[in-house]
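Input: structures, listed below.
First subunit A sits with subunit B, and in the next complex the same chain sits with subunit C.
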Partner chain A sequence: METSSMSKGVFVYRGKRSKGGRKSRSPNKSSPRKIRKTREEEGLGYSQETWYPAYKCVLMSLEDQVQNLYTDMFAQLLENVSVFLGRTSSTAINEIPTAVVLTGINLPDHAVIFEAVEKKLIDDISPHVVLLSSRTCSTARHLFGQILNKCQFGDSEMEIESAEDSDDIETPQLRKRATKCTFSEISLWYKNQGSDKPVIVVLTDFEAFTPSVVEDFIYLASEYKSEVPVALVFGVATTETTVHCALPHRIMSRLAMETFATKNSKDVLSHLINEVILSSKCLFRIGGTVFKMLTDIFLFYDFSIQSFLQKFKFCMLNHFAKRGVFAVYCKDDLTVDFMTSKDVAKSIVPKLKSFRLFVEQHRGQEKLDLLTNDDHIKETVIRLENELLDHFDYFLVGLKCLHEMTASLPQHPLGRQVSDLYFEAVSKKIWEMPEYLKCASLWKHLSGTELEEQLDRILLILEGASNELAGLNEWIADITIVNAKLKRIFTGQRSASCSPKKQNKAAELSGLSRTQLQQQLKELSKSSPVQNKFELVRNEALELVDKMFRSLLRPPREMPLHELMLFDDLELAKKELMGNSRLALNKALFNPHHYLKCKCCEQKYEEGISTSFPDVCISYHLHLEFMKHINLYDWLQSFNLIVERNAEEEEDSPVSTETQARFTQSIADMQFLGFIKPTSRKADHVLRLTWGNNCA
Partner chain B sequence: MRNVDMKTPESAKQTPGSKRRVLDTPRLLRTNVKKCIGEMLCESDSDAISEESESESEEEVFNDVRDSVETPPKKEEAKIKIKKQTKSFSAEDYFDAHVSSKVITSNHSLRKLEKPRLDQDTINDALQKMPKKHEKECKIIFKNLESKFRRWQCLLLEGFSLLLYGLGSKASLLNSFRKLVSSDEDDAIVINGFFPTLTLRDIFSAIIRDTLDYAVVPGDENECCNIILRHFNHSDSHHLYLLINNIDGQALQSSKAQNAIARISMAKKLHLVASIDHINAPLLLDQCLLAKLNLVWQDSTTMLPYYEETAFENSVMVQQSGKMVLSSLHSVFQSLTTNAKKILNILMENQLNAQEANYPGMSFRDLYQEAREQFVVSSNLALRAQLTEFLDHKLVKMKKGFDGSEMLHLPLPPAILKEFKSTHNFDSL
Partner chain C sequence: MSASENMSIDPEEKYSEILQKLPGRHKQCRVLIDFFSTPGQIPASIFIHGNSATGKTLTVKTVLDGLKIEYVHLSCVEFDTPGLLAAKIASNLNGEYLQLSSSHNCSSLMELVENLQAASKIKNDPFVIVLDRAERLREMPSTVIPALLKLREISNMNVCVILISDLLWDRFYHGKMRFCKPLISLFFPQYTKTECLEIIRSRKPEGVDDAFYCSYTSILLRVLYRFCRDLNELLYMANQHFVLVKKLSNDQRTIFITLQPHLKAATQNVHLRQGIQQNQNVDQKAPNSSLISAVTAMELPYYAKFLLMAAFLASFNSPKHDRRLFAKHHGMQRKKAATSRKTVKRSSLIVGPKPFNFERLTAIFHSIADTPYLITTNLCAQLATLVNLHLITKVGFSGLSNPKFKCAVGLDFIKAVGRTVDFNVQRYIMEDF
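Entry: the complex of A and B
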């Protein structure tokens, strides 16, 4: 093979670009490049497909919305930090103003936060903002060097770019710079600068910095305070105490610290879900199970919004690639117009299960048309998809209303978040679930004021959405009536006195003998308690709300053509986003038929090891029988036994060179895969590194 | 079935002697089981039951076996049936495996064979001659995987990285993917992570010098990363496909290497495809790495043997021919001065003459003495200068002895040393 060599491990395959490619790197000179680029985009195959521009468009809008969301979420924090630094750095105190930003453990998201911080600080306070990560600052000298570089050249880009033009001079220059990396150099530069804006140093991952480096830096910075005003921002992933633990008191006393906390990433996610993913603006709908998987990964693994979004993007890409142009069809953009009826009829649509079910519901001519008449199919598809899209908007409004009703219930039978409701409601009739019934019974214990508040909030949600969704007006009208009734009762009740009926009853009871009283009480308990006015109205209201949920929350998954809109391929998402290499490896070794699909291995699988197994599988099966240590000789004998099955296996039959070679290779494979390793404990033994099944 | 091996150690304690053989090896166990079944077949069922109540724990061991063998099978079949295993692994198994610190295995050793260990060439020859199993099926699997290439490319261009896992060498698969993606305009780099002396610097210099045409590769890794990131984030850049065979390889296991690779994989126009084979490879990836790499996992089981990956002479069963070491020794030796050669010769002779099994090395003082006597060096310092060269080339290793003196030895097995000595005529020096 071309990529195998005993002397090197890296193989470069260059395209036939002109070797002077370096020069055309500057953007202005790139006319030949541009031609190439378009050619390349075409050549990719997938970007030619009709769905691709639509996918890009949906993705862009999603990214924009996320960006806006981020800006909103961090606005307050940034403002606070900026105000603090602006205030303290101008006053002439001896301490260095230090903003400790608690960023949370969702490390992958920090880059976004600090980018925003940097931008805000540059805009508000000073152009000299230096973002440092512990990776580049192993010593104080490196740290100063970084600060100098960034301050002098703005960005490291310029430095390298200039060095590039003169490769030979580059190295001595760099070296010179390395020897001159001191604080006095910084102060010299600052003097030449002639501005009075502070230098803001942002340590993005404070925990990973060597404390002594930070100590030295702070010490020097406070000594030079009169010459160079410095302000610090620490990014701390855990708690503020880490700063106190890392730095001794003499250093801490030179800092004027204030702590700022970013938003909890869990809150950010629920905000993201409510505002972006489950809003009618997002044109990609994700199925309940996959969505649950993504949020589970978030909650149980990394708390990272960025990786959540990447996984979401993966789902989107797969959905669009699978469903093609149908996935992107939306109300405003009539992509379907571009397709002929024939295309629709021949495409994947008629093969969809939900569509076939839909066809089955019809009889006679209609059914025949749905199967054969291309134009009719196209019309129906357009109609159905429109219905589905409309319904989904109603569905989301319904979810929000239901969330209003369930979120405050004790024990949260249907979860705390809208997304919890979404997981279930998208594929099931939620009103048939026991959790919903439990909620319904809890609603009956709501007090008048609570019910009133909730109805008010539901009305608010409905009215907010009714501009676009006309079908909601009906519900708004009904709920308003009930709500008004409820309000009337309360105003009436306050003036009304206790009902006289009950008093009468009490009087009746007082004059009876014990048995009569017993009798009377029994009868009273049998007759259902008389409902008062409030209860009647409450029941009316609850029935109305229930009816509304049943109508709005019809599961989109049960509607025809839902496959076109919902990405519900949990298996794919699980396999490709989480990956289970151990399982795949063990499966292939244990049951090679699973991958090979050959006849020879299939039949004998039930019986154990087959002679026809690949060698490494035979070795694997044999090694499962051993305990911690494996004697190579015995292993080889067992191997020989399996391979030469027809040979008489009474006392050690000689091992042929071929068998030994095969065994040796399979052992090498096993060692490479990490199942065994050599041990010096006993001659010709290996150590087994896995466990399980050692009991044949 | 379930308890067989688990219980055997107990029975061994109770019944020493001949019964202990049962535990020795699974093979012996199997023969015993077979005997046991044979006996069972001879006896009537009732007898078997009565005997069972009397029998010792050893008999108990086979209870389950009896259950599984309901109908009288032929000898051959019985042997196979015993191997039937449940597929599920439970946590209990771990404690079973680690319950006793002492594991009893037989004292057999490979010396009982005609050739205890084969060398790599013999193995290769033998394997070449043999008909390959499942060649057709492997080809089908390979074709199926190749049909996914378009999708892979699409995922890569959308900013994801691919991680290929599953049994079988993926080198040829990656190579075939490389042929698809490396066009006239785009570059591809194939990296063999299993290559023992691969360094991160090799990768950087391949990218920076060979594809970006820089004359100098910066020494600092961060700077390398920055150059690569800046270049491949540029919308005007060409695409680079980085295909890594075994990102879990020895050379790339360090967190520094992993982090650097993950960092450069974030560049928009640099696309990473990596393969893993080691069963514990996913443990390398923590959440930061995962977020940077943005992985899509692909089950690409090829079922091909790992010929290339295991070719670097580190397997237990392969005879360490030391050919690579020998050839490197030759080439270094040729460039040495006469005096240096003589010093090496002194060391070598000393090592070859040593009788002790645990040869500690030659002390620096002895070497100096010897070298002075032969008029090779005049001063302590001169000898040290010579030794530095050996140490740099890893020809000689230095250890601190018991008394604190420096002990020098050649890290090579005696056979290779002898061979080396015979090829060069040291007496003529």
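Entry: the complex of A and C
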């Protein structure tokens, strides 16, 4: 294709796209979300790696599980909305039925919700469902145009846009795409298409819409109600008062609103963690500190499930890229078996700290084998990894049991969520922590019924998992015995009323004088309280449970080869996931090598300013040495000294014009970055704006 | 001629049918009928004003329909440019008079006038243009309203323009319309209580006993009319609450007892259109809790709450107090400052939020929220979210380099937010309340 130049220097390439190629694209593929996803996966350049298929499999299973979770969670909400709209749009009322969906402020998640809403409404009520976002609806007529387009052509925007680029002739109907139209055109279209299903308009981000646009739309929709039945869905991120504030009474009186709330996003996260991330199905295990960081970002910053998942996936990809095949190793997988013993021996495994510690534990021939014999190394690695994987499943079950025991305690010494326990237990012996000891002391005050209930629930968890984990059976047997004992005591106690011994004591005490009573009470306090039957059994039960936790909750972080399975690189995660723009800026200016990775600037900080630094970095370094007011001439002199360091040093040589230009440029950059600003007091001075120690 | 003969035979009987359809609007209806009953002498322009839900459009349409006069009704909200307006009128006109299938490209008022002139040559029957929400005409070029009002003069056709609006004519006036005023101005007052009752009863759902509905509506109106006189709202309330009493017997007492708690709640949120299920929840809560529940319902992330509070403090405190409020060693306050503070005191919360820049926001944020990190991208994204949700508004077009913001939430709201994170906002406001 020819290249044509519009104005000098700009070349317009007309896109070349074959006709067949475009048509073969199925409509559902063209949704932008999916395109983005495939690009993400392919663009990383990892697709040739050996671990990549396994990684992709893990990713897919994660995504499937998340999708299922979402479907479960939204089911009730979608049902309610659809029932409401179905009911109101079938009966003739004067108002426009309006469902206000409170979505929570986690903006990135809204797309998922509204995708589900759209699908449900199309299935249940009407094919004419229009999703609108405020970006495309700056005026009322743009909004009508959007509605008409989406109703007429469906959601195939991408295809039509690409059709406009290409040269071939389309059918005139497709060509005619109104970006603006009036409501009467919508009503005309509705009359022609023949069905009497309502048009459902979903305003996904109600807050961002211009109120007057929504006003006009509602006004006209209710004017045309007899011709075009319209139903509305507002996605409101804050509260429904926003709707009341945005719309005047005149418009409100045309709506029949009902509010629907989505689930609290904190609940959603804990659900997600319990069901997906901390389940044995998830094949990527995340370390305590990184996991805590992710949840903290969620709780403190954004409340967004989507971005949480993105960060989680990022950790996953990083881990797999670093650890390769071993990271995705699972019991049924044969990838490692295909590797030669030599590969295993040469690979990262022997370098791992935990493996070296493991080797150190052995003596003599065994140690030698572990260091030199490739076959032996491979065998050991596979054995250890199997052990670790097995243990991790037990660990998760143990965690759930512990959560059952601690969740209902006053003040929640170990936190309310399973994830709180996980943060600690994965890397430390949780039974040595003071919080655990506090819990243990609180358990001693449990009443019989409470204890019984908790044991029942623990049994339920253990039995649920025992199909796959045979090692749990002995614990089940032991706990059942204790539980039965407990129950027996209760049935016995209920038949015998208050113990006669105590009554006697009370009677004895009542007849005494004050001094005698004092004496008596002192004696009573000295004698150790006699443990009754229940207390004995309770202690037995608690000891058993404690023993179980000690065995199940052995921290995976302390086992050999844990690096292969647990991703616990907090530094990396922090660097990549908690962006700090100012820190980055300072770092770049102070030590350009950190980002440029050039050879010339490779040096330690102490060496000071190098000639090879970019100009703006030199200026930055120099300005750190000045006080509040910076004399530009002094600055220029120092700049000149550094830039011309290699040239022969002559006193009082004038600064070359080139240096002057470079200096001016760098000063302008500094001003743009907000480090200095000109003052009106002195013409040749600038004001320094930042203070304090620079962060390197 | 036949029309006038009919009229002379029995004018009242002919129009009683129209009047019947419009309870409570007989006076206005008669006026309109007077104007339009003699086809040769219809006025050139009429201006109708009155609050919403007073039957303006309904009356005009019913009268014109009843008298069988050709008219086109359009809303200035939809046809918001002179071109669109002209095209719509012309297409109707051509359909009626010129029997053309489509308007031959009428895209300006001038062409409309030409069309009207052509139509007047064919036959001179009256033609009425009804423009609803006429206040929107003010947003069009200033010549449009004068042109519409003088359409008869210009086009020489028997045409009448009716403008319907919520506003008074004074609000339409501007310099260029000095000699231009609608000939007749007609006011539609609010419906009285008995008229409301009559209209609500006329919209009785089918299959309901008359006497029962009568007593139901009178109870409803007795309670609600004090709070709300809007007919639409009353109709909505009547529909909403009827479900509750549907199955009761016709006994005023039982109806009242069943309705009472719901009506009590309804008085709190007339015009809010919240549906009846929620009303029940509301009356169980304490009266002051609605705001707090709104805050908890919104569930902001932890730092977002502090960001919002920092924004509030930044926009309601003057920058000169920042040092005293937030710096650790601010030293003693001079006495002079204390006395001069009084003038500041009164103003800031009444005057409203002042704009502040990003730097000041972050400085305050860091001094009130104990963060281990400096401003991170996550926090900046959170600020963008708050701006998006209209909790903080961006001021002006200062662009990327130095954005300015304002806090858009009130004191009560921010106090409730502060309570959720154990932070006493009031301590930091240089005001007394």
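The rule is simple: the second predicted complex is superposed on the first by the 510 of 696 C-alpha atoms of A that agree within 3 Å, B and C clash if a C-alpha of one lies under 4 Å from a C-alpha of the other, contacts with A are read in each partner's own complex, and residues count from 1 in each chain.
Definition applied: contacts are C-beta pairs under 8 Å (C-beta built on N, C-alpha and C of every residue); 3 or more make two chains touch, one makes a residue touch a chain.
What you are looking at is a predicted structure, and each value in this text was computed from that prediction instead of being measured.
Engineer: With both structures fitted on chain A, tell me whether subunit B or subunit C touches more of subunit A's residues.
Structural biologist: After superposing on chain A, more of subunit A is contacted by B.
Engineer: One more residue to check, A:286. First (subunit B), second (subunit C), both or neither?
Structural biologist: It touches nothing on subunit B or subunit C.
Engineer: For A:301, using the defined touch cut-off, is the partner it touches subunit B, subunit C, both, or neither? Pick first, second, both or neither.
Structural biologist: A:301: touches subunit B and subunit C.
Engineer: For A:621, select first, second, both or neither according to whether it touches subunit B, subunit C, the two together, or no partner.
Structural biologist: It touches subunit B, and subunit C stays clear.
Engineer: Per the contact definition in the header, classify A:244: touching subunit B only (first), subunit C only (second), both, or neither.
Structural biologist: second
Engineer: Scan A:207 for contacts with subunit B and subunit C and give back first, second, both or neither.
Structural biologist: In the superposition, A:207 contacts subunit C only.
Engineer: May I ask you to decide whether A:309 touches subunit B, subunit C, both, or neither, giving the answer as first, second, both or neither?
Structural biologist: After superposing on A, A:309 lies clear of both subunit B and subunit C.
Engineer: Quick check on the superposed pair: does A:182 touch subunit B, subunit C, both, or neither? Answer first, second, both or neither.
Structural biologist: A:182 contacts subunit C only, not subunit B.
Engineer: One more residue to check, A:576. First (subunit B), second (subunit C), both or neither?
Structural biologist: So A:576 only meets subunit B here.
Engineer: Mind sorting out which residues of subunit A both subunit B and subunit C touch, each in its own complex?
Structural biologist: Dual-contact residues (subunit A): 107, 301-302, 578-582, 672.
Engineer: For a test of understanding, state which residues of subunit C touch subunit A in their complex under the given definition.
Structural biologist: Listed in rising order, the residues are 52-53, 75, 77-80, 84, 88, 133, 166, 230, 232-233, 235-236, 239, 271-275, 277-278, 294, 297-304, 373-382, 385, 388-391, 401.
Engineer: Along subunit A, where are the residues that touch subunit C in the complex?
Structural biologist: 93-95, 98, 102, 104-105, 107, 140-141, 182-184, 205, 207-208, 216, 219-220, 223, 237-242, 244, 249-250, 252-259, 261, 264-266, 297-303, 578-583, 672
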